[in-house]
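These notes open a run of structures that come right after.
Shared between the two complexes below is chain A, which pairs with chain B and chain C, respectively.
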Partner chain A sequence: MTPAASVRPSVALPLAYVCTAVVTFVLAAAAVPWLSTELAGHYYQPHILALAHTVTLGWITVTIMGASFQLIPIMLERALWSERLAWWQLAFMVTGVTGMVGHFFLGAWSGLVWSAALVALGVGLHLLNVARTVRGVGRWTFTARMIALALAGLGLTTLVGFALGLDKLVHVLPGDLFANLHAHVHLALLGWVLPMMLGVAARVYPMFLLSAEPAGWPGRVQLWGVALGTPATVAGLCGVRGLLVAGAFGIVAAVVSHLVWLGAMVRTRRRPALDTGLRLVLTGAAALPVAAALGLALALDLTSGPRVALAYAALVLGGWVSLTIAGMLLKIVPFLVWYRAYAPLAGRAPVPTLPELSSASGERLSWVLLTTGMAALVVALWIGEAVWIRVAGSVVAAGAITLGATLASVLRHLVRRPAPAADAVAARRPA
Partner chain B sequence: MTPRPPGLETLRRVDVDVREDIRAGREPFARIMAAVKALGPGEALVLRAPFEPHPLYAVLGAQGFARWTERLAADDWRVWFHRPAAEPDTETSSTLDVRGLPPPEPMVRVLERLDRLAPGGTLTVLHARRPMFLYPQLDDQGFTHVTDEPEPGLVRIVIRRAPEP
Partner chain C sequence: MATTVITEDQVLAALTSVLDPELGLSIVDLGLVYGVRIEGGHVGVTMTLTAPGCPLHDVLADWARAAVAAIPGVEGCEVALTFDPPWTPDRIRR
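Entry: the complex of A and B
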């Protein structure tokens, strides 16, 4: 029996990341109807690339980074190595992503490379911080291994992305532009986002669902499926065609195993009613098998073309990842706010429950708008009609704004919390 | 079914039946909490639900409510929520199992119990994981604590309040 290491998890740091990311999500969603004409065409256009990086870097990556700073102390049971470094990282990420999106939009490649360098610096700081945090971790659990895989994927994605930008100025990359582009996209998706989400799900979903922690063969299949499937898929996209199908099957096996775990967690949960956060997570998970099947069909050349590719991207980034992240935020943000505003009062004065911090109707409305909007957007992108993309994009934008407003209402508890009674505060201080 | 706690029959019943709400897909939480908020001294909330309302146990437990559950049928549960008779002001040694509670209920329960802990007393907490957000709260209040894992999935935290000088 040992004294526990009393780390003090930061509240302001993950909230700053999450707020930045949610604002970016609202802006990206609002841009969809505005870019409907371009979205009805080919995906390789400056404005679409700007939108894609707003979503992948500004929304998804910044959220994952911020959530990591809250979840790593819980999942790995150790303190973040340097909080100050994480604040610098946020500054580099915000400046870099803003620059990248702006220069993509203008098609200004020199400025893009400089901005990408800032993003690379931010990613480098993140890798350093997390690597120093997990150094010497005693138990390499499924989650710890998946996070390690994800960080390797993030580093490689950033390098390849930077090289793609540099390639616009100086020819540095061999091979076909689209092959390299597809490799970059799948490195980000399968090497960074997928292992991070699978790893976090195994540790965090049982907390929210009040179910047993998952175990057994699905974990091994997920680990090996991602560890082998991602490089094989990327190599296949770069030209080693034989590996593409094998890699795709590896990823599909990982996805199916994740869904097996998720199904078991849902079935064995002790919380019968699902709140909106969990509904968003499960709706997002429902998009995953469809996305995996579509990805497999693309790998097997059963379907192809820019319309399918855009629908596939929207299904993965908007359907699975964004809905899952939105659901997690409806759990994470109230907890952080509660911890900051009410934990010092707990036990001494009545404190609100987490559901009481948020607006149930706002959460439900964001769920309805985001799920219907994302589903409609996938179909509209596949069809390629600008008017339908505009309609579906408007629903997604309304959902994003509702989500942002709901989370903002939770944040208001930080400024209007009740003052703790003087005797309670005095009693809480050590003599 | 555990025996009916003594004194329950002396409380005035405030009945809330949420079976129809749940069957119709309506969220009954706000209705239940409104009834709880309106409960006066000497009153008990008697809830009828189509399943055992585990999440509510945590929520109302954190507010100091005790409960007594009756299973009338597989899909018909009656739960009495009432404020228990006053407990002793302090306690010297006890165990609290917070496994299966959603965040942040474990922290609320532990801090509530620590508030009643006598100087020199210990509280043993059984948890599903190391409570990384609780430790700083314990430090702030001057408690000492040690943590171990006697078996997989069980984390034991022994918290001690310093004896009076």
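Entry: the complex of A and C
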């Protein structure tokens, strides 16, 4: 057996995470027009906090966790340490996030803390599982380092978030509520999501684009920009103002370097044509420089206030992160389904290609609706008009539903084409 | 006993039916096939994957073995995977 054979991916596990996350995304998107009046006001309201955690935990974090279980074995050439632990983790995350969102919505802080504890337990299991998977990795590549940074960021974000919830019952946190809240948000965004997405991009985008793996100074700038910029930004938000600007410049340098790499990958790609999944990823990346500029403007006090903050959050979470994740799901889900349903038949019967599993028109429609909807939502939130937020939110919701329906049509191949388990392929191989 | 002579062109033609399911390109066009060795009715194929740890490891090797085994006269086929040298996009033929 060659080393690669030991990292054969589990299909059911990442699919369970991804399906959970997509359902959550549809619910969150549908809630935007419903909460348009609240979204036209200040962001620190129970319903907005519920929506924010539905997006950040239920959609973004659960997707990243599930995708990690498929991608980390590929990217780092290591088998997942414990699949059983990952199933327990999903149970804790689903229960905890549901409880958190419900208690945020009701403004019931005691229940919120208990639910947050379940989420913290799920995160703890994820950290243990991935840390044990990564332990002993032969080569500390850019991606491996970024994943390590992201795991540290996830742990710290969870601790601070839990402390913020506990602070509602027992005063445990020093400093101003909003300073702590902003620190928590940026720890999640810059400490967890950013390094994970930059690390994955460097390894996975070349595979999809058929381009050379990126190398050189942009990698070092990204690594140091995130490693130094995140704690500086968080410390700055907690009161050390000088560090905020320095941290923001570090993050902007990391983002620019990522875009330099991405531009080089796109220019040198050998892939004949970009599919909708890659178009979504690249459209999401287009939101990144705008978000970085807006973040820098906020750090430099060139602009401020709840309207800009909400627009900034929508640009980052809805524009960059959600579009990128949606694009990646249009690649990951068909692959997992193909691997499960058709890989055992390959070479013995005609099998479809991955694009043939999905609906091209459904993918294109979700791309159009999500990109236009997200762009309109950012503008509507900045303006602060409930009616425009409702219109833009409806377009986003339509895009999320279309994405969900498109992915569901891919999943139908699991039922339509019953096949022996993918492991049977290996079993049939001569020793 | 009549013997069928197997040629490298036949083997490569058979391997063009082995597709990367994501790209829709054959492993030959992708430049994943590093070499073909023919000894009588036995065929050896040395190939790579686009990345170490590629989850299609078993699938593509098994598919290539089945494709070559279907050539008339082939009595046995062995597919060896190597990552030395690593694959680069420059190996793509079209």
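Going forward, the second predicted complex is superposed on the first by the 409 of 431 C-alpha atoms of A that agree within 3 Å, B and C clash if a C-alpha of one lies under 4 Å from a C-alpha of the other, contacts with A are read in each partner's own complex, and residues count from 1 in each chain.
The working rule: a residue touches a chain if its C-beta (ideal position, glycine included) is under 8 Å from a C-beta of that chain, and two chains touch if they have at least 3 such contacts.
What you are looking at is a predicted structure, and each value in this text was computed from that prediction instead of being measured.
Novice: Quick one: is A:360 in contact with chain B, with chain C, with both, or with neither? Answer first, second, both or neither.
Specialist: first
Novice: Taking the superposition on A as described, I'd like to know which of chain B and chain C A:262 touches: first, second, both or neither.
Specialist: Neither partner.
Novice: Looking at the overlay, does A:207 come into contact with chain B only (first), chain C only (second), both, or neither?
Specialist: both
Novice: Determine, under the contact definition given at the top, whether A:291 touches first (chain B), second (chain C), both, or neither.
Specialist: In the superposition, A:291 contacts neither chain B nor chain C.
Novice: First (chain B), second (chain C), both or neither: which does A:348 touch?
Specialist: Both: A:348 reaches chain B and chain C.
Novice: Touch test for A:273: chain B only (first), chain C only (second), both, or neither?
Specialist: A:273 contacts chain B only, not chain C.
Novice: Just which bits of chain A does chain B share with chain C as contact spots?
Specialist: 2-5, 7-9, 73-74, 77, 207-208, 210, 270-271, 335, 338-339, 343, 346-348, 351, 353-355, 428-429
Novice: With touch defined as at the start, can you tell me which chain C residues reach chain A in the complex?
Specialist: So the residues of chain C touching chain A come out as 18-19, 21-24, 49-59, 61-67, 81, 88-89, 92.
Novice: Chain A touches which residues of chain B in the complex?
Specialist: For this pair, the touching residues of chain B are 22, 27, 29-30, 33, 51, 53-55, 59, 62-63, 100-104, 107-108, 110-115, 129-130, 132-133, 135-142, 144-148, 153, 156-158, 162, 165.
Novice: Of all residues in chain A, which touch chain C in the complex?
Specialist: 2-5, 7-9, 70, 73-77, 206-208, 210-212, 268-271, 331, 335, 338-339, 342-343, 346-348, 351-355, 425-426, 428-429
Novice: Help me check something: in the complex, which residues belonging to chain A touch chain B?
Specialist: It is residues 1-9, 73-74, 77, 207-208, 210, 213, 270-273, 335, 338-339, 343-344, 346-348, 350-351, 353-356, 360, 428-431 of chain A that touch chain B.
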